[in-house]
Amino acid sequence: MIKRAVALVLLLMLGGIFATLMLGYTPDSELNLTARYYAERTAADLGAANIVTAIVVTYRGLDTLGEVTVLFLSASIVGLVLASNRRPALRVRTPVGELLTTGARFLVPLILLLGVYVFVNGHLTPGGGFQGGAIIASGVLLLLLADPLRHFSHHVIATVESLAGLFYVAIGLAGLFLAGGFLDNRLWPIGTLGELFSAGAIPLIYSLIGLKVGAEFSSMLASLSETEEL
Amino acid sequence: MDFDWMKIPYAFLTVFIVVNYGFLMTALIQKIGARVGRRYGIPIWQNYLDMIKNYGLRSSITHGAMFYLGPVFRLSGGVGLLLFVPSIYGSYMFSNLSFAGDLILALYFVFFGTLGMALGAAESGHPHAAIGITRGLSQVSMAELPFGLAVFSVALQYQTLSVTDIVAAQQGGMLTWTLFTNPLAVSAAMLSFLGSMMRPPFDVVIAPQEIPIGPPTEYHSSYLALMQTNRVIFPVAKIVIYMNLFFGGATSWPEFFLKVFLIYMWSAFVGVVFPRFRVEQSIRWFLVWAVPLGVLSIMVV
Amino acid sequence: MKPELMKRMVKGPDGVEFEVEPLRDYFCEVPPTVMPAAYIKIVEDLFNWARAESIWILGFGTGCGAIEMRPLMTPRFDAYRYGVQWRPTPRQANLFIISGYLSTKTLKRAIRAYEQMQNPKYVIGLGSCTINGGMYWDSYNTIKRLDDYLPVDLYIAGCMPRPEALLAGFMDLKKIIRAGKGEGANQYAENFAWYKENQKRVIHDWDMPDYNW
Amino acid sequence: MNALTIFAIGLGTAFLLGLLGERQKSLGYMLTLAALTFMSAVSASWLVVFAATGADSFDIFTAGTAPPFAINLRMGLIEAALTLLINLTGLFAAMHMGDALLRLGQRAMAVLIIAIMALCGIVLTRDIFNLFVFFELIVIATAGLVLLSDDDSALAAGFKYLIVSQFISALLLVGIIFAYHATGTLNIDGMAEAAAAIDPSVSGAFAIAFFLMFIAVVAELKPFPANGWALDMYEAAHPGFSAVFSAASGTAALYAVDKLLQIGGTDWLPVATGIGIVTFVGANLLALPQTNDRRLLGYSSIAQTGLILTVLGQQDIFGDDYFFIAGGLLFAHALAKAGLYWLSALVAGRTLPDWAALQSRPLLVFAFISCVAMLSGLPPFPSFYAKWELAHLLVAEGRSGLLALILFGALVEAGYLFRWFGYLIKRATPAESIACPAHQLLPIAAAVLGGWALGFVWGELSSSYFGRTNLLLTLPLFFALTFLLLDWLPAWVKNTLAIGGMVAFFSLTYAEYDPLRLIFAVIFLIGGAVTLLASYHAHGRRIGFYPAAMLMYAGMIMLIRASDSFGFFAAWELLTVGSYFLILRGKHSEPHALSYIVFSLGGAFLILAGFALAASAVPPAPTFEIAQLADLVQPVAPWVFLLLALGFMTKTAAIGVHIWLPGAHAEAETDVSPMVSGILLKAGLYGLFVLLMNMGKQSLYGVELTYVMLWIGAITALLGNLMAIFQEDAKRLLAYSSIGQMGYALFGLALMNHLGWLMALMFVINHYIYKSMLFLSVGGVAKRTGTREMFKMGGLITLMPLSFIATLIGIIAVSGVPPLSGFGGRWIFYNAILTADARLPMVLIFLSGPIAFLYLFRLIHTIFLGQLKDEHRRLKEAPFWIILPQMIYVALLMVVAVVPGMVLRHVDAYISQFFPDGALNWEGSTITSQFGYWNPVAIMIIVGVIFMLLFGWLLFVNRRAQKVKQFNFVFSAERPFRPETTHFAWNFFAPYRKAMGFLVQPFVTRFWAAVTDLLHTAADITRRLYNGNGQTYAFHFLLFVVAVFTFRMGM
Amino acid sequence: MAYIAMATGFLLVLIGFYGALTQRNLLRMIVAFTIADSGVNIVIVAIGYMRGRTAPILDATVSAAEAVQRIIDPVPQALVLTAIVIGVGITALMLAYAYRLYERKHTLDIAKLTDLQG
């Protein structure tokens, strides 16, 4: 009880801080310096229609590399945490139901396709590598739900993941040598705004991210599912 | 070094006079003490006899080198103390060897004999000797303090450490004696004097039966004779310092004899009147009564 | 033999064990020797005179006669005027007064005290008991004849002799000393074996060296 | 090489590791090492570039776009150095954790590499959100690496860490986004510019946003008390990783705070300071009661981080020195912590005494103490220089209170670190020896060597800065340190080298000293060499003795040679440390050595503060000529005087701060006691000499400080002597006697007149001679008898006659009885006080004089006289090499006794510069003062003649004396029982205790015990906050946030 | 609008925090953290919102030239993406930890995982 009271008091004070913060907040009416730069220059410089994507993949590419690394790390560590106690599979097959199995069979290809679409078009439309990767992983999740005993080859997942990561780093380095700097997308002509093959390396990077994120999420899901005692 | 070799025979002469005077005076004091107790008392020459007898004992033992040297240290201390202080003011003959050092030398040389004696007694291996020494040292360390303070007070008063100069400053009749110019210091010193004379009430150090006379319990024969000699020289030597510092010194031997006798009598007088103190009691007594007087004398001088 | 006098093995700080034999290691085993008088007669006479006039008595009362010695220090008798005084330690004493009967137990202490006095030294037997046992002639634990154990210079008979008798005894002792006849210590050294034999005959728990330096 | 390759290689290798199969672990491990090596090489190459060319830092753009529109990195000297530190830590950690990494496979390796890369990222990036991403990477990587530990509790620790990290990241994100809103940029430099431009009237929102960012990043530093989670990590994680967590993560986070402070501006510096100092003091206090080594190291790490945070918070006043200070502290901390954590892997047990296992490996002990010295800021390590600068700049700005807190914390830290070292050296070694695989030793070696190398670098930096030679290249110190390399030689060779070196150095330099310094130089070098003669008795190699001893001597001679405050202080620290090692060598000296080092460091800190205060008034800082102390005026001067005097008096063991001395001197080895007593104490006196010589009398609030010193000296003399009386332990008795003697010397100095100083100098000489002699003599006896308890000895005079003679001469000299040299001291002393006005303290001095007899007699009686014990019957005289110096001292004492003028008249003339009045007249053989006279030659002859005459007479009349044995004495007509019951020795001065015992109640000891108890209890109560519950830690964190917010807004 | 979103976001943060502080079950704590994360993300997005503007994607309706007037601030959008991903990563990690802890200690009670303290 005391604990709750103390928590409440503390959070009230924290809330007070937040409230002050909020009261001091005035919405901008104009874009600030940075945003204005992005709004004005993205299209011309990078050729990406989706400004957010341009920011994510190029301007703040280092963040994104870090982000991908976060996922890689999480996946690795989840693997580490869960790997050391993997038991021999003594699972009894329990039927999961016709509906789910069939539905999965039907839906998974579509989901995968959607995922690929989302990350390939990341520079044009809302969405991108992370979103696409998550969609792909959801396909994997569906498969796992439909068949809990399905075994995903960790090696394959890891290979996809690592290769995608390596390529990503390689492209980044290529930017260093061929273009303006690390992770610069202008390795080749940026093409026409709005086309699929435009915005230089952005689609490629985002695809790699998509693959990588998909693989990482899948890896985590697989690892987690393997711990399940059925 | 321009040393006047005549000083050596003169020094021997001083020692000779003081030894004889000491023997007689000690006996006299003992006799006075006896008379207080309604006894007849010893013959006046008794101390000579005792000393000769002790030299005349045929056998002796030794416990080791320090034991052997103890009485030598003791008597050297007494003789040295006597010789480092001028006996008769204004007399070249009896200024003794005071050229070697001033008052500080005399004060510190007191301990020469004490230390040697303590070491000698201790080497006898007798626990009672050691007990006596601890008592003696404990008591003396506190009893000497008021004296030290008084001496210092006097040194401050006359701005010198030279005994001769101090006596010289008192040569204007009785009222220029330190006794009257600095009574506090003198009182402190005279209380201290009681403690260093090994007489009641401060003689538990040589408790005769409990620790059979303490430090000298193992000494006998010629060792004892040497110590007896010291026993008559040392008080006189000490009193000479008192006399020089506080009572105007002496310009002639008669004056010397009289003053030494009277000062000695002070201790004898107290001794026959008062009962004994335990060691820690006497330490406290000096701390409470004598030391403050000394401190006061230093503060006001 | 008392255990503390037995041989024992002791381990030094360096770990080496060795034997300690107390009687040999703690005590001087040299027997007493006859000490010659001064070579020049006049010096010896001077010394004898001084010895006679300066008698220092060991303050050790061995029996009931001890009570008779105390009055000598009082104004009434005042032995000091004769050069007599008491010393608390045998090292400084010349005269040992065996004051009355001497139990064998005390004899041991008396012997030790006597031997620790310096030559020349004198013994007075005070009271009849020291002469022949007196009223304790048949006692199981007192000695009868002091002379068998210590060289006695003078006996003062009586049971007990009064202090006046003691004073008179001192006067006689002075004469003996002045005549150069107070050689008890040398006599003791000469007949050391005989004295020891006598002493050991009555003292059964002999637990000290033969001669106590 | 572009700095970005650090990321590329890091990430590339991490991803590549995923491609390797389960069986290719070794290959993966090789790759990991290669990658980390490469990353280190990149940093190193940049470091070389910047250091060599002095080039400015430059920005690295990403995405081909200029900041603030794209993320940029910055590489400069600082960044290069920090990333090198991080990468190397990573590399060596990887090496160290090889087993664990191979067991867990490539995933773990990848995590490690990414963690290191992310740490570099924090250092390099100039984008606030990018910083966040790297922080999150580190959080996750840390949570993963915790799993390397074999310890099950690591799991819980990792989870607690994640809980708090969630709170932190939430606040950080909110802060970042609002800061972005307020400034329109995410670039740190841009944000800083924009923040400065924000209208103060509307800056409230930004301030709160900044607060959130700031507090979140600061939380990564594990500030006290919001750090329970971090401690669990430190305790539970693999030590190899803890090293990274402490050294590298802390470094990166600190640099992040530094970046943030650029945004926040000077307004936020006090907050950083506040958090830093609270953390430093608090964590150090909490470290006190720790028993688990790694947890203790954790607390220490947190404390050090707090200290550096404090420095960050004070950067406004540091100017160019900022990186010198912060870097010095940071690198010392990082290397030391890494080294210690790696060492902890070698130790099987987890409690502090278990480290005694290292005893058998001197090199590891050396590594340990190097680390401890780095942490404690001892020379010649970078932290020492940093501490010096820090103190000076803080005081110069009037921030003395902060300095006081820092020094207090540092003292506590030194306390527990040195306590630990004491355990390591002194506790029983576990039976099983420790395994030291090379791959675990290499990182430790790297850390330690790195520390020394940085010590050299900082020395170079400071040498250009202070205009003096590099401390490490100073000849005496260099000479002392070479003994580290020579420690494999047999002891006698080293001893010869040491003696030769000291004598040679003296003969080369003696012409440079003025008479005062010459006296000290003779005592330190020649005296030291004589004392070292006693060391020939030792067999074997005596590992560790010579470096320590030579360090002490080097410190002492450097002290004399130092003309500026820095050199003086450095020398002071060196001699303190050297003597500490020496003292610690004693068999039971562990607690005493500890109290010695704590008091000494406390004193040293006071000196540091004093110098800093003085420097603030005597431009130009950072160091000044000692002689410039004379230029100080009110109101600074008395405070400087007070601080310095207190510092020096700690060394001379004035009453109140004396409690370290008896144990330290008594428990030291036989030949060490004379060194630390006879010689080392003089360093304190030298300090006081220098102080008084330059500053003279000072008064504070109307109280004249020299007068206070006079009282202290008098009380010290009295109580030191009194306490000596009641000791049963011979060496303790001597030690207390030293306290008393130093009291005399202090008194003499404080008299501030000609003769007072002369007397103090006489004491310097005499005390060296007789105390060395007595300690050697008693030490030799103790060596033979196997005990120091005096009542267990007795009657040794016939068995050890030479020792007896030395003791006899010694005690006669100490007591001041003519004709030996002690009397000269007393004579000058009495003449000196005749001219002084202070009369009351004199009374105490008077009282203490005769008291000396008591304990001196006790010393010689209970050891050499009285009854010989059975087990000592076969003792031999002390070894030749212990006797030899004693005999030299006996001869010296005689010489000084007869011709004191040989030395003193030169000093007398020298002192006349300061006190023209009262000089002695040295005509002929009589020494004359204004008041009295004294003829040592005549005294010696007269006393000798009288003595010999009487001795001859006694020999004649007593020629037939029979030599008897120990039990042949009168014992009330009884036979003594046994020697043990017959030797009167124990509680020797019982009547004195009855009368005066009330004066020697251990009030001071109780006081200091109460202080330490209080600290421990406070720490123990505070500890209970850390109840191990992750949620509680979250509470702590939020409370911390709210508290800092309230504090900041209230400011 | 932005205020409402922001307030909601902050409220979610506080609710999440409250849950994390008071719930003793590890899984509930993890859920609480995801709530708090969502709150933070909402706050981030709300910051970037500008009344009357559209998403920062250039297409037929929003030309590059008029983008400055038409689109909202794209930066928070980019940031929130990163924040979300990181949140997911950490959540996954915590779940794995929770699983492992349960397996080792057989409890999900945070108050019982206190074997290190002081």
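Order of writing sets the chain letters: A, B, C, D and E. Residues in each chain are counted from 1.
Convention: a contact is a pair of C-beta atoms (placed from the backbone, for glycine too) under 8 Å apart; a residue touches a chain by one contact, two chains touch by 3 or more.
Model, not experiment: these values are computed from the prediction.
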Chain B and chain A - chains in contact with each: D
Greatest separation from chain A - chain, by CA centre: C
Farthest chain (mean CA position) relative to chain D: C
Chain pair showing more contacts of the two, B-D and C-D: B-D
Between chain B and chain C, centroid-to-centroid distance (C-alpha), Å: 35
Between chain E and chain C, distance of the C-alpha-averaged centres to the nearest whole Å: 111
Rounded Å distance, chain A centre to chain D centre (Cα mean): 54
Distance between the centres, which are taken as Cα means, of chain E and chain D, whole angstrom: 50
Of all residues in chain D, the ones touching two or more other chains: 129, 133, 136, 140, 143-144, 174, 178, 181, 186, 960, 962-964, 966-968, 970, 1031, 1035, 1038
Touching two or more other chains - residue numbers and ranges from chain E: 13, 17, 21-22, 47, 75, 82, 86, 89-90, 93, 97, 100
Shared-contact residues (touching 2 or more other chains) in chain A: 3, 7, 10-11, 14, 18, 25, 28, 32, 34-35, 38, 59-60, 63, 66-67, 70, 73-74, 77, 81
Chain-to-chain touches, reported pairwise for every pair that qualifies: A-D, A-E, B-C, B-D, C-D, D-E
For the chain B and chain C complex, residues of the former touching the latter: 34, 37-43, 46, 49-50, 52-53, 55-61, 208-209, 212-213, 217-221, 224
Residues of chain D that touch chain C when the two form their complex: 784-787, 870-875, 960, 962-968, 970, 973-979
Residues of chain C that touch chain B when the two form their complex: 35-38, 46-47, 50-51, 53-54, 56, 59, 74-75, 78, 80-81, 83, 87-89, 91-92, 94, 118-120, 185, 213
Of all residues in chain D, those that touch chain B in their complex: 795, 797-798, 808, 811-812, 815-818, 823, 826-827, 830-831, 833-834, 839-840, 842-843, 846-847, 849-851, 853-854, 857-858, 860-861, 865-867, 924-926, 929, 931-935, 937-939, 942-943, 946-947, 950-951, 954, 957-958, 960-964, 966-972, 982-985, 988-992, 994-996
Residues of chain A touching chain E in the complex: 3-4, 7-8, 10-11, 14-15, 18-19, 22, 25, 27-29, 31-32, 34-36, 38-40, 42-44, 49-52, 55-56, 59-60, 63-64, 66-67, 70-71, 73-75, 77-78, 81-82, 85, 124-126, 128, 130, 193-194, 213, 220, 223-224, 227
